[in-house]
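Note sheet for the following structure.
Think of it as A, B, C and D in the order they're written, each chain with its own count starting at 1.
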Amino acid sequence: MHKTNTTSLAQAVGVCIRREFLLLVRRPSDLLNPLLFFALVSLLFPLGISPTEAILQPVASGVVWVAALLATLLSLDSLFRQDLLDGSLEQLLLTPHPLSVLVMAKVGVHWLMTAIPLILMAPVLGAMLYLPTQAQGVLMLALLLGTPVLILVGAIGAALTVSLRKTGVLLTLMVLPLYIPVLIFGTSAVHAAAQDLPADGQLAFLGAILSLTLVLAPLGISAALKVSVRQ
Amino acid sequence: MKDTLLRWFHKWGSPKWFYDLSGRWMPWLAGLSLICLLVGSIWALAFAPMDYQQGNSFRIIYLHVPAAILAQSAYMLLAILGVITLVWRMKMTEILATACAPIGASMTFLALVTGSLWGVPTWGTWWIWDARLTSMLVLLFLYLGIMALQDAIRDPSSAARASAILAIVGVINIPIIKYSVEWWYTLHQPATFKLTEKPAMPMEMWLPLLMMLIGFYAFFAWSLLLRARHQVLIREQKTRWVTQLLDAKPATKSDPSESAKS
Amino acid sequence: MYFASFADFLSMQGHGIYVWASYALGLVLILANLLVPIWRTRRLRQRLQRRLQSTAAPAKELNS
Amino acid sequence: MPNTPLLSVRQLSCEREDRLLFTHLAFDLQAGDILQIKGPNGSGKTSLLRILAGLLPYAEGELYWQGEALHPGEPSFLSQLLFIGHAPGIKAELTPIENLLWYQDMHQGADQHAVIQALTRIGLGQFLDVPAYSLSAGQQRRIALARIYLSAHTLWILDEPFTAIDVQGVADLEQCIQAHAAQGGSVILTSHHALDTLAGLKVLTLGQAMEEVPHA
């Protein structure tokens, strides 16, 4: 009988990361859209409310965070859909390696390619909204802790709705309530930093939520993918 | 003991058994909930004493608190049914979860509206960003998310399994959301009188509350069984026991594709 | 009876509108959650019985 | 038992969109067997293959792999399974080499040379570095089929493998399947193509019992 020596998990994860990286690099529009959306939403608020510093400055952190939240959600809608359509998602289920680890590779690369540029852009938009410079650092740190949670929880929603043709509002309705803790602690961290108050309490909380999500979300994503593919 | 539990577990797993059993339980639940709700509300409206600070608007607590408790326990039930559905793939828990979500949602809505109506005389407006009301609003959106997902997926068992995962993710997040909203409320609102905090209640106040709570739970079970039986009929409409149940004459020649799914 | 008169019972020192509105909504929601499934089940049973008696019609899937 | 069957199916029934596709299906697959699933379109051929691969839940029935109960997604089973379904599973932005290397690295590992050889053998020699979106659907499907030449899995489940392949390719693929069966592996496939020339061929027409096809 055939002696099958399956590749090691590390090798499989490495290959998945490389493939995801290649796929995203070769389709840059998918990376650019969320960033443009992020900038556009931040632009709307001064137009919608008022350009004066007195009004914009206190809401700056909230605006940047809400825009980041929505931009991440936008980038998640098509996370698994193309894989389902071309059949590579069911092949991912058919590998002998645990699906939750392989999915982490895919979601991790997605975070790297969409959230990091977003984090680097945030101070620019913050400055445009008169966010004090001493809060910029905390804003980037809070986003660094918060965006993985947004993407991991959003990926569960994306996996649940991958088999549906149009999901738009459904994904938002399912996932946004789960983003509320990140929004609350994220905005208040930046708010505190803007008033020269220590923000490490809020950042610690973001870190706690991040570690919980890092442990549980992959299980949720792989369970959701199995439900969606096995139809 | 273990195998009797398993056998009971599997018995409940079969829709036919559930249909017969629920048929026997429902009259009792109906009676209990009608009596408790009727007596409870009359007691609460007419006989319970007024609250010295809030006046008669306090009587809304007999509706708001049971609805809020029911809203959260229904979500817990959704998550537990979800775990059973995912682990043991039992058709009945899928059906019960599908039936449970709308009731939970309407109880959350009831708790939300009664909470804000209760606040009007004291706050002067019908909505303030009170910690508990905001958490209740978030819970309502969690319910609507689950119901929207159940509705979007065509195949009933995939829809049930998908919404089971969302319910489990939601139930893990509820304490986090509750704490963060609480923390956010105290951060922005100096500790004014927290309206929805139940002051220590004398006997003649919490007795009607207990009565109403029992009534609400009985109503919840009754409505759950009603909705679940409806789902059972939909999903089992091709089986022989449903055909006999409808005591219609089965087709003259035996239907070859007939499969007696228990 | 806690209240002196029936009118007093209705007005509840000005808070009556809110109390009665809440209980009315409670009644509506409870009735809805009971009557809607009962009505739907009855309608489904009738359509199933009609389909079974006729047996001629192909077994179209009824899902509401 | 001297030779437990590689894969055995008992009382399997499958319901799709509340239509009963098949019920009480039972058969055993020995090492070295080539099982062709026949039946009119929509009779559940693809559903049966997906159930065996663990990609589709089934209402009733038991599946056994090498004697033990088989649960969907069992790693020990998946490491022995090559499944090629309707959808090719090819990423359009990647070249055939990158696609095939990904599959090999996810299962048994392979070197670039073997991959190039397999792609040339299946007729994609000139398209090695062309992104898959510029290839025809048939060529994309052949990238997936090239996995057969590189596969050391015990069980192959192939859904309509011979579509989109020219006559010479069909003969080559048949010869490869025959060699695989000879080495003790086994194949389950659906095809409208006549396979009577294959030794060890068994035919299962959905709705009837499985019968041996006398070797021509």
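Everything below uses one rule, namely that contacts are C-beta pairs under 8 Å (C-beta built on N, C-alpha and C of every residue); 3 or more make two chains touch, one makes a residue touch a chain.
Chain identities (UniProt): A = Heme exporter protein B; B = Heme exporter protein C; C = Heme exporter protein D; D = Heme exporter protein A.
This is a predicted model, so every value here is computed, not measured.
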{"item": "Between the pairs A-D and A-B, the one where more C-beta pairs touch", "value": "A-D"}
{"item": "Centroid comparison with subunit B (Heme exporter protein C) (C-alpha atoms), farthest chain", "value": "D"}
{"item": "CA centroid of subunit A (Heme exporter protein B) to CA centroid of subunit D (Heme exporter protein A), Å", "value": "37"}
{"item": "Between subunit B (Heme exporter protein C) and subunit D (Heme exporter protein A), centroid-to-centroid distance (C-alpha), Å", "value": "47"}
{"item": "Subunit A (Heme exporter protein B)-subunit B (Heme exporter protein C) separation of Cα centroids, rounded to whole Å", "value": "32"}
{"item": "Length of the line joining the C-alpha centres of subunit B (Heme exporter protein C) and subunit C (Heme exporter protein D), rounded to whole Å", "value": "16"}
{"item": "Residue list for subunit C (Heme exporter protein D), restricted to those that touch at least two other chains", "value": "none"}
{"item": "Contacts with two or more other chains, residues of subunit A (Heme exporter protein B) listed in rising order", "value": "230-231"}
{"item": "Residue numbers of subunit D (Heme exporter protein A) (touch at least two other chains)", "value": "18, 57"}
{"item": "Contact footprint of subunit D (Heme exporter protein A) on subunit A (Heme exporter protein B) as seen in their complex", "value": "1-7, 11-12, 15-16, 19, 22-23, 26-27, 85-88, 90-91, 93-99, 226, 229-231"}
{"item": "Parts of subunit C (Heme exporter protein D) lying in touch with subunit B (Heme exporter protein C), wherever the complex brings them together", "value": "1-3, 9, 12-16, 18-19, 21-23, 25-26, 29-30, 32-34, 37-38, 40-41, 44-45, 48-49, 52-53, 55, 59, 62-64"}
{"item": "Residue ranges of subunit B (Heme exporter protein C) in contact with subunit A (Heme exporter protein B) within the complex", "value": "86, 138, 141-142, 144-146, 148-149, 152-153, 155, 158, 161-162, 165-166, 168-170, 172-173, 176-177, 179-181, 183-184, 187"}
{"item": "Subunit A (Heme exporter protein B) contact footprint on subunit D (Heme exporter protein A) (complex, rising order)", "value": "31, 53-57, 72-73, 75-76, 78-81, 83, 85-94, 98, 101-103, 105-109, 131, 152-154, 183-185"}
{"item": "Of all residues in subunit B (Heme exporter protein C), those that touch subunit C (Heme exporter protein D) in their complex", "value": "37, 41, 45-50, 55-57, 59-60, 63-64, 67, 99, 102-103, 106-107, 109-110, 113-114, 117-118, 120-121, 219, 222-223, 226-227, 229-230, 233-234, 237-238, 242-243, 246, 248-252"}
